[in-house]
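I'd like to ask you about the structure that follows.
To keep things simple, chains are lettered A, B, C, D, E, F, G and H as they appear, and every chain counts its residues starting from 1.
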């Protein structure tokens, strides 16, 4: 263990554990949460680890409280996180909106299970990905990532904190039960190799003229002053002006909300991550994310072996949607296949951005997508020549 | 199959110690031993036999064949609805 | 190379720990890829418990065991339930005192629980079994498993576990003639 | 004859969903005992079975709704009480019992609990207090004793637990009792009493959760906790409410009994005819 | 007042009042709610009116409680409703999912205000329409309507109850502050002219074999047994079989969730409502809903006067999306304009269903869309000939 | 000279966002008086202004955060307390005060209130009790007296209100007091006392809301309610907690004073050094 | 025909009720379309209050007053604030005791509050004003407004309000020469 | 413009009744009359003058020009931060 408590080296971690360790490595020192399967192991690991590294672990009375507590901690300067699954995620929605409006960085992990409602608590799902985009009321933008391995549970947790702090935005880690519960090798790099994007901070010499919601830089992100630093800031969930004062005015509202959305869309390239394989000569592209991407890669490899010119594009980030990446391939490819553990969610977004037919390989959840189902779809699409949507 | 019925009220006039017969539904028992330890007459003991899930069922302790007084305590404390007693008409 | 291994038994037999040790041995102390998964159900505990490992010499996409190449069982229920899901020609290892295999099945047996009891701690039957597995399955180096044991159990019980491992390992070699 | 007579059904199967039994609870878990008392009280109540409704939240205790062969609603975590309020006010003929865990009712559901008590809505609540969240694997709950170990307080809990009788008395409940899974006869009696009692009534049932709570706190088996209750419980009359806190692990009496029994008028929706 | 308390005749009602009266006319007799601007007047009116008509009004302690209470009431046989705005709507999401899973009919009114977060409590918005579609975790389907007048606040409330009961689904009335607070003539028809679709009920003669979640009819809707009727039903938010028993099984889950989604998509034609004007020769079509549709109609009329061949399609229902209506016109029209009081939400859906360029006229909220902004967009699109998206 | 000297700023403007005053509250509303006591207590506290933080929820009372020139957080409805907990635990040097309404803190926020009291988190809560929801136009609140009229109880409320001191004592708070807007000196004193008191402290401030509550309940002006408090309040020592219910409209004493003052250890997150 | 009417005054002067009565008169007791809107702000009460009506002989799309054709003001603040937003040639009606119009502005004045006080209830100044409005604006029939009053106020005060209406109506006719 | 400052502590040694001067910020006053009715010395009365919003401000009652004892009650009960007193050094 290093002086800051990071367990550098090779480990055999459960995805949930890796997420907790990623948080510690990212400097997260506040966790407020409420247990829920299959994310509970994140809380349990942090309950054990935080006392060692000087972090605050508090189990709140519910998910509204968890979300509010991490925002308070963030306002006081901490990197703060919570973890949950579908039902708790739904309950966090209102205060995710508060995070957006107050521009308070935080990380929310959703280890997705079979849904809707209580659904299949111990079994996987990927059906909260549209909720991640639209779940709170109002227009907003945030970032969401989808790990496909325990290693990525670690890496993307670090990235999530970085994006959150850099853009003052809540960041969602949309894992699924397969990835959360599987155990695999995780390499924790030495601390100096863990990327750290700092929060932009105000100039202490300009305390009196400081406007907490004035974004002077082209990235549209205002510096963040923490409680107790003497800036005498006001934060509100009401529509506010650059000083942070409530203003009941449609134009101020439009300007504020537009900036909140554009600070993500304009910086999308720095936030977005995708990964592709076998794309050089691909005529068909399979798109997947999270645990389903593991099945997809296997299916693509199998299909390649059968000679099908199929490529594989993995969405590491879900939101903002990697529009640029899609634009680049949209016209080179004949057909798209989207595999996901839901009844077709990211596929809707793909459809809007490509002009080619999109075939969905869907399952409502409860079990990891079998690679064979994707392989079959690839064969079908390849044989059809012209494709149509199921 | 056994008939299913609700408990009938005790006749309060005639005071006598009823004798009971212990019944068990083996596949429900999880071997918690609560019935065994809490039986006021020590009628039961752990059997060496297990059910399909591997749980050790209660059995009648040696010499206790007629010791059950049908107090129904095992019936009410068994968390599994696995054991009960019925009054024996003698 | 892709090998699917399932360890199965009764809740409380330390099946999870055995899987973890084996997974670590493969992925941290050998040069293989390994993924471990477990079945989660609504029942908090009790009944058959299993831990599944997929091991390969390249990245593993699909992490679940579909047809086990190696099945290790420490209870009758686990054997009955999981034998049909394993490959017909799978290597099946059993605690020979607890499992009565079907007549067509050829298994490797070890009285792991009894050997553990002889060591004074029934609870290390899982590690006895690991020793036997290591010696017989031929998929993992002895040193890798030993290192994994060392890094997985409390330091106060490392010695006991090493002894248990050795007991299982040696048992295989003693009975080599029979295999 | 050395074994009991083997049969395949139980006298209470009439109001159980016997096809779903064995239930999912662990060996030695106390929930089944509390459910049994509830089932027996229903049979004894004289209220037609069709009018009994059970509402649960999420948790091991919340699974009771799935095992009772009466109209049963297994709602979301924490929301059993408001769901029950909707049922009761829409059909006042129903005898509504909320059967759920302490985490469900007093952690995420705490707000509904105190407000239902304040309004004095005519429902009965059976709260299984097993000092932790069983279903999710033994985390800190709002009843976990100070210093106790759970999977989210591996070094001991830094929080004080609720004292249910005190909290509910302060909120406005008409009836509050506490029993344990060894007080099966008192428990059944008080559940029956709640059926007849207008307004909000609440019974706390201390129950073993050997797997979630017991094993980390030296009460490894359900049976051990049953014996502990047998030994340490004191039926308390007149003990001030603020002294009813519990620490299973401490060497102190555990007070059980009826702590509140009053007759504030139950909640009634406004009707014009009542006003004029 | 009729014997059932319906105030037949012509009235000058605020939109919120009209909604309350619509509920009474529909036979709603249970309201559980929590005040929030600009929906509070619905609760206030029902608090005054329900005691007259024998309805139960209860003010709950929060929106989670409100939602749960109306589901309980629905399970007991009542037509039940709640009303809220953005922040409360977010908090209701979890139990809206429960309504979906338990198939308990209910009506949730969201009088939308400027959002996200606390936003602009007294000013209008339309930015919760995607949340209506995706706000709870998991795959699901429901129906959502968008009234453009107090009269429609009445009419669509009635329709909402009918759809809810007929399809055992939560139905959302997605109003906005303009429509909720404006006062206009509302005609309440005689009771026999108020349409009433009944809940499908089980056969009392088949009590013992009744399976509460078995949909035998082609509409995929199982009959609904109420508490106290002797069916001894079990309802759960867990994945369940046709008996209602929890089942942790991916295939049962897939079958259940697929049915829940398809019972809406397959019956969409009976649920969906749209309205169009000037479509015969339209080359450009303006799409709008709620109060914005009033601005849009004015703009379209003005443009027609200028000779622009523009038509107007109003989304009376938002969800399910009127795919069929769009398919019909998708190829006849050159360009689409979507006007909405958000940064582009229903426009995304329009984009997926038409092959022509879609121009958005957006405003984040706070004031009703000025007709001139839409008129300008029509002129621009008309002049451009070829159009591109802003 | 018949008029006071006209000036354009107030001695307290130093810690007010004077550019935002006049504030939005109605004529005769009591929130401003309670805020004044808070502001004065801050100045008197000796704690650097930079370390004072105010957290509010939504409601008229919640607008206080926007008028105090200290670090201030105007959160979502009901969530001020958990937000404050996050602030406090992440930076224990801060003096955190939650200033909000009774609806915010005890209706939608009721769960956080009782759990924060249970944990005894070291924050101070100032709760303006004006017997209704002012901000949304005068609806029933969790403090509305039985029978009182509000916009959602036009025929009189069918619900009993909470008794805050009792509820908070039962939940676990270290300090609970009640004053009114006429008890400005006591109120300021007790806010100051809360700053120095470890653990969860709570002061209830009865305050006029003439527009939302008063006018429907024959207390039409803020002034009337001030005079009513002057007349009917009794500083209560030793009155049992369960007798501290209030009905403004009834002809009964209204008890004010300090009702709980104890020294349970405040919540501390687990640190390894504390255990070893 | 589309007419935009704004009634404005001080909180407590019954501006909202006046708008409601007028709206009803147009839309229920005449054959016109009418929409009423009010401004909602965070301030619960106090300050200038206004009620806005759009009246037309065909369905009304945009319901808000943009440039009032008729502006009725019962307070100085309301006049000062809303006069600039009305059409330059709008019909402006004022309570002449409470409002001092700008010198360029030609207004119709009535001492509505005084007249109401003469009737014993200052609170009916709004209805006095309605009477005057009905008589002078020429947009709505007397009977329609009367019916609207009847259906909008408690039965115990219908008579008083009718009297107030009549007072305002008659005042216009008495002073007709001046108009 | 007036200087802004915090309240300075009272000198407790010298006991005397201080005389006060009343100050007002007219645009803040909402005419609630609380200061007027609660002033222990009845120094204030309702003025017939209104501020721009139409609220009637407090004014010094006739003959009360020197009656203010600087008890500061008006200061602490004014909900609007509109009125305060300052000690007059005589």
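Assume a contact is a pair of C-beta atoms (placed from the backbone, for glycine too) under 8 Å apart; a residue touches a chain by one contact, two chains touch by 3 or more.
On a predicted model such as this, the values are computed, not experimentally measured, just so you know.
Using the contact threshold fixed earlier, the set of chains in contact with both chain D and chain F is A, E. Looking at contact counts per chain pair, the maximum sits at A-E. Chain centres here are Cα averages; for chain D and chain H they lie 59 Å apart. If you average the CA atoms of chain F and of chain H, the two centres end up 25 Å from each other. Between the CA-based centres of chain A and chain B the separation comes to 56 Å, rounded to the whole angstrom.
Computed centre separation for the pair chain A/chain C is 37 angstrom, with centres defined by C-alpha atoms. Those residues of chain H in touch with two or more other chains are numbered 30.
In chain C, 41-42, 46 are the positions where the chain touches two or more neighbouring chains simultaneously.
Counting only residues that touch two or more partner chains, chain E has 37, 47, 51, 57, 61-62, 64, 87, 94, 97-98, 102, 117-118, 121-123, 236-238, 246, 248.
For chain H in complex with chain F, the residues that touch the partner chain are 1-2, 4-7, 21-28, 30-34, 37-38, 47, 55, 57-60, 62, 65, 73, 75-84.
Those residues of chain D that touch chain A in the shared complex are 58, 74, 76-78, 107-108, 110, 133, 135-137, 139-140, 142, 151-155. Residue ranges of chain E in contact with chain G, taken from their complex: 10-12, 37-38, 121-123, 177-178, 181-185, 291, 294-295, 297-298, 301, 368, 370-371. Chain H makes touch with chain G in their complex at residues 30, 52-54. Contacts from chain E toward chain F in the complex involve residues 34-37, 40, 43-44, 47-48, 51, 57, 59, 61-63, 87, 117-118.
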